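In what comes next, subunit A is part of two complexes: it sits with subunit B in the first one and with subunit C in the second one.
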Partner chain A sequence: MSLALPWPVAWQLIRGGFRRHSAYRAAALAGALTNTVFGAIKASITLGALASAGGRLAGYDAKSAMTYVWLTQALIAPVSLFVWNEVSDRVRSGDIAVDLSRPVNVQLSYLCADLGRAAFEFLPRGLPPLLVGWASTGVHIPARPLVWAAGAAGLVLGVLVSFACRFLMNVTAFWLMEIRGVQTLYLVASNIFCGLLIPVHWFPGWLRTVANATPFPSILQTPVDLISGRYSGAAAAHALLTQSLWLLAMLTAGQVALARGSRVLVVQGG
Partner chain B sequence: MTEPIISTHGLTRRFARTTGRGRSRARETVTAVDGLTLRIEPGESIGYIGANGAGKSTTIKMLTGILTPTAGSVRVCGLDPVRQRKELARHIGVVFGQRSQLWWDLPLRDSFEILAAIHRLAPKQSSDRLSELSERLQLGEFLNAPVRQLSLGQRMRAEVAAALLHRPRIVILDEPTIGLDVVSKERLRQFLASERTDHGTTLLLTTHDMGDIERLCERVIVVDRGRCVHDGALADLAALVQTERILVVDLAQPHAPITDIPTARVVGCDQTGVRQTFAFSPSDTTAAEVLAAVSARAEVRDLAIEEPTIESIVRRLYEGQTR
Partner chain C sequence: MAETDSGARAAPPAQRLAAHRVWVTLLTSRLRAQMTYRTSFAVDLLGNLGIALLEFTELWVIFANVKALGGLSFAQTAVVFAFANIAFSLADLVVGHVDTLPRYIRAGTLDAFLLRPASVLGQLITSDVSPKRITRTLGAVAVLVVAVAHLDIEWTPVRVWALITVPVFGTAIFAALFVTAAALQFWLVDGAEVTNAFTYGGAYVASYPASLYQRVVRTFFTFVAPATFTAYLPALVIFGLPGPVGLPAWLGLLTPVMAAVAWAGAVGLWRLGIRHYTGAGS
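Up next, the complex of A and B:
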């Protein structure tokens, strides 16, 4: 099994992913509007929760909690915490045959396309909620180069971990054909455990342990923590390492599942 | 003897299928391809035909390494398709008539750029090839349009170009002309014929359109229920099933139907009696003899001989097998 994807191939696939999504700019703006509206709702609920806890909760004050709210809303699209069934649909329709008859690794080519997608969505989906948040409740991102560098690395890793998890879930279609059940379970689990609804740090101890035993905090909570400067030095390095390990584990699992799955493949529809 | 470009030995694929509902649910095994043994030399052009469900597409998927055979062996370009799928993909171009390999949301040109990168073509190589394909398949007018906006005929031409961009040694076309109008079909066939002449490409075609076979294939393999029921030259197939030939004559004067030729029978006569149609069997007589017999009875102004369509040949072959 050859896993190498030469840079020119990767670049074309990333570019393809970027351009494919940039074809639908109005959809991106509509998505940004939704993220912003939900951001406003989340901000008021979070402020309410914080007030009833006496103004501080698990290291968050009003300023850092609002930063968390608007950052999660800005990153929800790039790290794609949504339903994604492109690959499973192709397994179901048999179009996966086309992907399999190309001289490139299927998982890595989808990974590149997803990086392109995330790169496109970063500004049109990320900027509006951040600007609204900055103008309304305030968003505080420390102006320290190291924080920015760690945040950027954490975000890229978050995008990649998210892809690796979603790809693995999609590949179950080789056995299940219809993955709506898996999809729903994934969506509920990932949305809660990634820290989208409330920060993972607010979870009761036992639930935090459960969350940290999944790759989901690496998708959103960790990037947000890194960007907002919650971690620094060794803690930041540890966070990035944890993300990297999850990435490796999920990509490997996806690769193994893909190899096994294509052996049991029954190409649908002639 | 050269090494065959495709060889299979006892190639078999079975599928498990669930039938019935509720309590009567049962698993049954369907054999889609059953002990297929084939040998195809480089540069050949093969028509691979059979009814729906005969096992054509399953065979193709085993040849490209997408499906694992249940039994038997297969080698394509000297490679094991399942184990060396990605390496083999460099030598094969596949068009799945009902599936697209283009990027739906992107301009057509982008699909070619991505495919050129995937196949590791040098920039010069890929731009030369693209301009060649673009000229021959007349893609120029819609190269910059998003694929989703192309008509079916345009898209099929683009699909063929996409499959051939990397100059594969084998081109496998699964129903390439499905849904196309006559002009688009003809254009595509002309292109495939010239591509084969110029580059010595091996062509394997499955189709329901017998025009494709007649225009493009020298050898025909007929499969039925997963088994090969005929493998030979196109002409041999016609001889094997002994179909009747048709002679149509236009007479100089109206004439009553000419029914007294012993080796031919009248199967059609228009109202004026000028155009009469005769059917005869090539094993009993020749077209020339029938024509002479007609000329002896009435003056012939014009004539046409109709070859049997492969469709009728295949139908007769099936009837012969099931009888």
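Up next, the complex of A and C:
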């Protein structure tokens, strides 16, 4: 098993990931439509809660709450909060042996392909919900280049942290073989703690502490906070640093788990 | 290919009994297959309990911040939530996996289903019934029991009737939505995800007071994809509350009627879909 991934290979893998997903344009359109419908439902519930709270809730007014709703719907595909079992399927089928015998780093190869996927999905899956949101309830993104730069960096880190977590979860297949249950548990935890359903800022104090002890807010809540300008200056730098540390921790854990797992791997049939 | 669909039904009684046995055999073999990975099944049960918990956490966090939502109290909203989750999780348990149809269409393996002398829809439904989802139902039942205990409801016969029929026909409505979604896959194939908007989206809509939604969303999820019939409308009957504009509470008594309409539509669309299917050329 190799630890290296040369740049030209990485670039080819990113391009490959992009091209692979761009083949499914109808799927991207369908996904965008679905995310938009969910956005409309979420907007209604959020506005209802705001109205009951007297117009303001944990620092959110109608404008910033709607920005949060539509940004999360737009980013849900790039940061991939869905089931992903590409690696675990290959462990079960034994195809992972082929990956392990290649002279490139397995984890980083999949990471590059995932970056390509996210790059493709960003526009066709992200733009429609944003446009509908902008036309229906309004979406407010500050016109400050620094906010955009921090937002872009936060989004890329969000995509990477999401990948690192999903990879680690997939690697459990080396021991479990069938990981549907682990997938479900992962989806449950990530969906609530990443701030997809309701902003982490609405959580009662203790639950917010629990959420912040996981990498999940770094996947969605932090990018959304950065893009919408909720954080600036030192707070933005702190958010980006937190994301980077989670990325490092999750990538390392994935790498170690993969190394251990490939030692227990038995491919049958040969 | 429509003949294969009705073939089992037209058979003489002796064969019909055999056909019945075929379904039992199919179902038990699938269930046995799922139990093979015991650890995973246990984690699956836990995961589905987690889904119930997750969905409820969302509601709970909202009510940690507010006193009422869409004109309903926490306990009342919890009843709506529980109805929707019981109905959806049961439907998901029995037919939720029919949305895997595009995989069979793309791989060309649907042809094997068509060759067997049994209903294609029946084969698809028995292909992956998911008992692991029962913990999600149980979670929702627990929420319902606690919520009802907190409410001072005078149990008139009509209200008891609503309480009993809702899980049954609510489940039927969500099951019909799943089958409708599967039927649409014959045309959509790669665009399959769009049907999530009214299956999973329907479950999302149903879990909250429909008074929150804009009129167009409300109307769609009441008369086209009748999700509000599974929870909010019958709950209004039980609470004795009037509905919002355009959504009178008495509609809540029509859940069984709506379930029948939804199933008629779903089966009709499924038959059209089977006829439309032309194979992958394999």
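A few comments on the model shown:
Everything below uses one rule, namely that the second predicted complex is superposed on the first by the 263 of 270 C-alpha atoms of A that agree within 3 Å, B and C clash if a C-alpha of one lies under 4 Å from a C-alpha of the other, contacts with A are read in each partner's own complex, and residues count from 1 in each chain.
Heads up, the rule we're going with is that contacts are C-beta pairs under 8 Å (C-beta built on N, C-alpha and C of every residue); 3 or more make two chains touch, one makes a residue touch a chain.
Only a predicted model underlies this, so the values are computations on that prediction, with no experimental measurement involved.
In the overlay built on the shared chain, the residue A:Thr184 is in contact with subunit C alone; subunit B does not reach it.
Of the two partner chains, neither subunit B nor subunit C is touched by A:Ala4. Taking subunit B and subunit C in turn and counting the residues of subunit A each one touches, the greater count comes from C.
By the touch criterion defined above, A:Asp95 lies against subunit B but remains apart from subunit C after alignment on the C-alpha atoms of chain A. When the two structures are aligned on the shared chain, A:Ser52 is found in touch with subunit C, with no touch to subunit B.
By the touch criterion stated above, A:Ala143 is placed in contact with neither subunit B nor subunit C.
Put simply, subunit A uses residues 24 to touch subunit B in one complex and subunit C in the other. Against subunit B, the residues of subunit A that register as touching in their complex are 2, 6, 8-9, 11-13, 16, 19-20, 23-24, 94-95, 97-98, 100-105, 109, 262-263, 265-267, 269-270. For subunit B in complex with subunit A, the residues that touch the partner chain are 15, 57, 61, 64-68, 82, 85-87, 89-90, 92, 94, 96, 98-101, 103, 105-106, 110, 113-114, 117-120, 146.
Those residues of subunit C that touch subunit A in the shared complex are 37, 39-48, 50-51, 53-54, 57-58, 61-62, 64-70, 132, 188-194, 196-198, 201, 204-205, 208-209, 212-214, 217. Contact residues on subunit A toward subunit C in their complex (touch as defined above): 24, 26-27, 29-31, 33-34, 37-38, 40-41, 44-45, 47-49, 52-53, 57-58, 176-185, 187-189, 191-192, 197-198, 202-204, 207.
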